[in-house]
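The same subunit A turns up in both complexes below, where it pairs with subunit B and then with subunit C.
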Partner chain A sequence: MIDQQKQSRLKRNRKHTPWQMSMRYILLCLGLLIMVIPMVYMVSSSLKPNDIAFSYPIRLIPTAQEATLSNYDYVLHQKNFFTYVGNTLIVATATTVFSAALSSMLAYCISRFRFPGRNLLYSIIITTMLIPGLAMLVPQFELAVTFKLVNNLWGVILFYTAWVTPFSTFLIKGFIDNIPRELDEAIYMDGGTVFTIYRRVMLRMASPSIAAVSVFNFLFAFEEVGWSQTILKKDELRTLPVAITQFFQAHNRTDWGYVFAMTCLAMIPVILIYVLLQRYFISGLSSGAVKG
Partner chain B sequence: MSTRFSRAKSFFKRKDNIRMLALLFPGLAVIGLFTFYPIIKMFVMSFFDWKIGYQQVSQFAGLMNYAAVFSDKAAGIAIANTFYYMLLTVPLQMIIGLLVALMINGIRRFTVTFRLMYYLPVITSWVVVALLFRNIFSNQGLLNYFLMDVLHVTNDPIGWLSTRWPALTATSLLGIWKGIGWNMVIFLAALQAIPGEYYEAASIDGLNRRQQFFRITLPNIKGTILFSLVMLIIGAFNTYTPIMVMTGGNPAHQTEVVLTWLYYQTFSVSGKMGYAAALSFLVTAIISVLAVLLFKVFSPQKEERKS
Partner chain C sequence: MAGVKLSHVYKEFDKGNFAVSDFSLETGEHEFVVLVGPSGCGKSTTLRMIAGLEDITAGEIYIDGKLVNDMEPKNRDIAMVFQNYALYPHMTVFDNIALSLQIRHVPKDIIRERVMAVAETLGISQYLNRKPRALSGGQRQRVALGRAIVRQPKIFLLDEPLSNLDAKLRNQMRTEIIKLFHALGTTFIYVTHDQVEAMTMATKIVVMSDGLVQQIGSPREIYHHPSNVFTAGFMGSPQMNFFERCPLERKDGQYTLTFLGTRFLLPQEKQQQLSQKNVQSGEVIVGVRPEDIRLATQEDDDKVSALLEVSEMLGNEVLLHMRKAQESFIIRVPEFEDARFSQVGVAETTLELAIALSKIHLFDAETRVNLI
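Entry: the complex of A and B
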């Protein structure tokens, strides 16, 4: 009863005039236009033949006579296009899986155990978060040469994993800190070990945060350019983002129809993941962020 | 020392601790080998005239590399450009992101649709959006078309990407455009975590909407603002792809940022490894100082909230 009163009062207080409401919708829609127009432009350019892509007046939506799939046809018949896609998917998936495993284990240990060097380890993890991966280009390249990781997809996977694991650990640890310890203790009492707790409690309870960092790690590995172009020099080993920049340069930087067809194709996996997993994009990120 | 040793000894007695080490080890090994070791190595390299390859002797150079960085005009330009990008993108994407979050928080219908659409640029690859913006800002691009044929502001196309500041501004606009959605999402989550009672109490006390924003909303999302600031500053120093794709550092290295300049110095010219290492280390120092400063500025408030 009291709750209901409270609720209705709350609603009354937070109620806004219709004018304010419509202002918000109008502003949001205007902002949305700015967000979406470049994307629409990209898709429509990919559907236009190269020679008229730049002809004036620029039309956002191509007319029925103009529209063609020839750009896509051309791109899909590029020699290694599906190899690039395959490489990128392998790299992104492996990075995601490895970093999810490593960071959840690290986060669990740091959050739950007091062992010598724990604080040092955590501060190292925080520090490495601050340093741009590419800033360590030279020593990492030397390392890659030593381990014969040049022209090897592992060279990309291992370094990506090492780059993203600190931040993933940081986010997952924040999440695990909020899981009640009573659950651990209950399993412990039942004769479970550290492993059991990790499997039954951590992987299950912390799964929203693990899913969230995994989504971000996947996207990172899917789009990284600098390291990938350094270490994968053979054409059949290239990842898609590097292949796109090479393709752009190879086409005299003018055949935008082809380029945009390629970028549109590159967006398909990302959009698919986004649509399927979108609640993890939001929930996991915010759980770490709100805590600060 | 001895207490520490005995503590370590008792630590290894229990079987569970060994199990814990098994969980700890893989992550430690990967971070240690591929991130931590290179950081140390980078620091060492920055004091040498480093050579890569067999049979090469690297000579100790003392502070020569640092002196080279400080006296190098191009490195100064790259650092200044990075700061320009940071100062433009970080506040603007935060403020716009927060405004969008406030508006989405204040409407009833289509919230999910707006959230999804505003987030779309965030998930799109940097290469893709950088190419897109390169096209939009090119001489015959969408922007010049608007300025010339729709708004009639100028008669000649503006070469956005061929001079330093306009090119950097165009890149920054890309950064802002791509970052708004990210900020919107984390601010929206923070706004929704504020208990409605606070606003109720405030309006009983007669606070108007603006006062409510400054006295309730802002203090309650302080942690999120700090998080966003730190992440965005790190992100700004991580900028590589947009510059590489949109300008390639041209004209004449006027639009290089730290990472593109580093990359160029390492691989394109004579392989100035020591110089690149010194610059890397300086950048790391700058980011660390900024991060520590931010935590100093924000932390007293945070303690207050916790207690």
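Entry: the complex of A and C
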């Protein structure tokens, strides 16, 4: 029996001829190039003076005479650079924490409790996943004005939290659905409350899915530009992506060297987070999604 | 120490769909009650109602004389052991056992002392720092028991705690649970679909089917005096042989019974029981346990001859699958009775059998209730 299985597996592998395999790798390399070239171009442009950024023929790697750190020097010595970094980190961290708390509680309630309107609530949450946050820019802006959230970091944090919570809830709920109910019941019998279960069981056992969505939410909040540009008008409140856009068409031209230098700097935390937490991207997301 | 009383308890899941109907039971202060029945008979639902994990549709539940219908599970002073252990994988064995005390804010030194004592009793002291995934099935089950014991509750509820274990471990844990029952001196309510567990552990068995109590009694009563065909068939392995539509005749105050193609005059004791109940002539279902049919000797009257189809050697005994006309039945004979039954390929031999008529059961063909 086992031999048969082995053989069939071998057969399946043998199906791919060397020609097929090479086509596969050529396609993969093409995909990789499409992803990597803009990044290389970005880094290289950040090291070139602005006037030769668009020189022809295109050179991905600047010559030794051309290479300069002046763009970085300018960006880093802008008076507000570290304020931008700080704002971005505050927004991203707060969004992550709030959305993790909110979506894990929501997911726990929807997964475990039977209450009138439960299915409707869950359907609404799922439906809102389909609408991109920016599509509701105008009503959201009106809402932000009403609650005096324009020119206020809370205006960014709260709206980001609202945007990412549906998907996070969906994912964490899928995970919680697979946690045996007996674990909750044992706590009820032992004298615990709903909050004991949430704190002692759900937060711990659903942590892979919470970690996965948190990484996503952090990166989302770190990178988002449309909404924060709409409501953050004061320079000292800007986040990094918004700050980058200030170089566009400033003095009737775009200083691409500055744009790319700042983008490179902004990418560092993103890459760090991805490298450090990449296993949560895959394990958390797939387990929640497949089982859910 | 406390007892549990359930009085006409009902549980309705959907409109008109009753998982449990008219369930009444009263336990003593130190009793091992086993709820037994096939899957979906409502035994786990009953246990969960006692625990407070399910609301009851109608009726009353009392624990220690107190009505607990609307009482939260945590206030009922009961502990429950779940089928899948319900251990927290992110906590050590110590924390798993200590959790209920931690939730109740018991001082740390007392928690430590009690957990150590429980671990000692269950022989899991050396695993206290391990996580549940590093334990075997039996050890996990012990931790689950430990978690229940450490609270020193009035009542223990056990929901098929052994069904995830292999046969050998199940036997071992069965003995340990019985020892624990005697050591703790409290009431255990135990749910199982395994009639062997019910027979070996219980002081009182509740046989259930389709949400209804079929019979309540001691293992001996249930085995020897089953109240209906269901109980008779469910308890005992291999199950009781039933012969449907057998004519029972009453003539001149004497009862005769025809089954397996033979007409038997019932023994004196059965005659008396039947006439006391004023049972009239008619068709009955005859139930005979496999051990109440034996190989006939020369002295036996009323021999029945039947065809041997298969013999199953179990070591200390042999099960013989017999056939007579359309009726198939099983008999259990000691291994020494005839060595040839332990051989393979003895099929199609005709054997002479004797039936212990004093031990047969007669059930009403319509109501399927025991007539005697």
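For the reader, a short list of remarks on this structure follows.
As a working rule, the second predicted complex is superposed on the first by the 250 of 292 C-alpha atoms of A that agree within 3 Å, B and C clash if a C-alpha of one lies under 4 Å from a C-alpha of the other, contacts with A are read in each partner's own complex, and residues count from 1 in each chain.
FYI, a residue touches a chain if its C-beta (ideal position, glycine included) is under 8 Å from a C-beta of that chain, and two chains touch if they have at least 3 such contacts.
Predicted model, so just to flag it, every value in this text is computed and none were measured.
In the superposition on chain A, contact is made by A:Ile131 with subunit B only, not with subunit C.
In the superposition on chain A, A:Leu277 makes contact with neither subunit B nor subunit C. When the two structures are aligned on the shared chain, A:Val97 is found in touch with neither subunit B nor subunit C.
In the superposed model, B is the one of subunit B and subunit C that contacts more residues of subunit A.
After overlaying the two complexes on the shared chain, residue contacts for A:Val150 are found with neither subunit B nor subunit C.
In the superposition on chain A, A:Gly192 makes contact with subunit C only, while subunit B stays out of contact range.
Residue ranges on subunit A touching subunit B, taken from their complex, read 6, 9-10, 13-14, 16, 20-21, 24-25, 27-28, 31-32, 34-36, 38-39, 41-42, 45, 54, 56-58, 98, 101-103, 105-106, 108-109, 113, 115-116, 121, 124-125, 127-143, 145, 158-159, 161-163, 165-166, 169, 193-195, 198, 219, 222-223, 225-226, 230, 241, 244-245, 248, 256, 259-260, 263, 266-267, 270-271, 274, 278, 281-282, 285-292.
Of all residues in subunit B, those touching subunit A in their complex are 4, 7-8, 11, 16-17, 19-20, 23-24, 26-28, 30-31, 33-39, 41-42, 45, 50, 52, 100, 103-104, 106-108, 110, 114-121, 123-129, 131-133, 135-136, 140, 142, 145, 149, 177, 180-181, 185-186, 188-190, 193, 196-197, 199-200, 203, 222-224, 226-228, 234, 237-238, 240-241, 244-245, 258-259, 262-263, 266-267, 273, 276-277, 280, 283-284, 287-288, 291, 302. Of all residues in subunit C, only 51-53, 72-74, 78-80, 82-84, 86, 88-90, 99-100, 103-104, 147, 151 touch subunit A in the complex they form.
Residue ranges of subunit A in contact with subunit C, taken from their complex: 180, 182-183, 185-192, 196, 200-201, 204-205.
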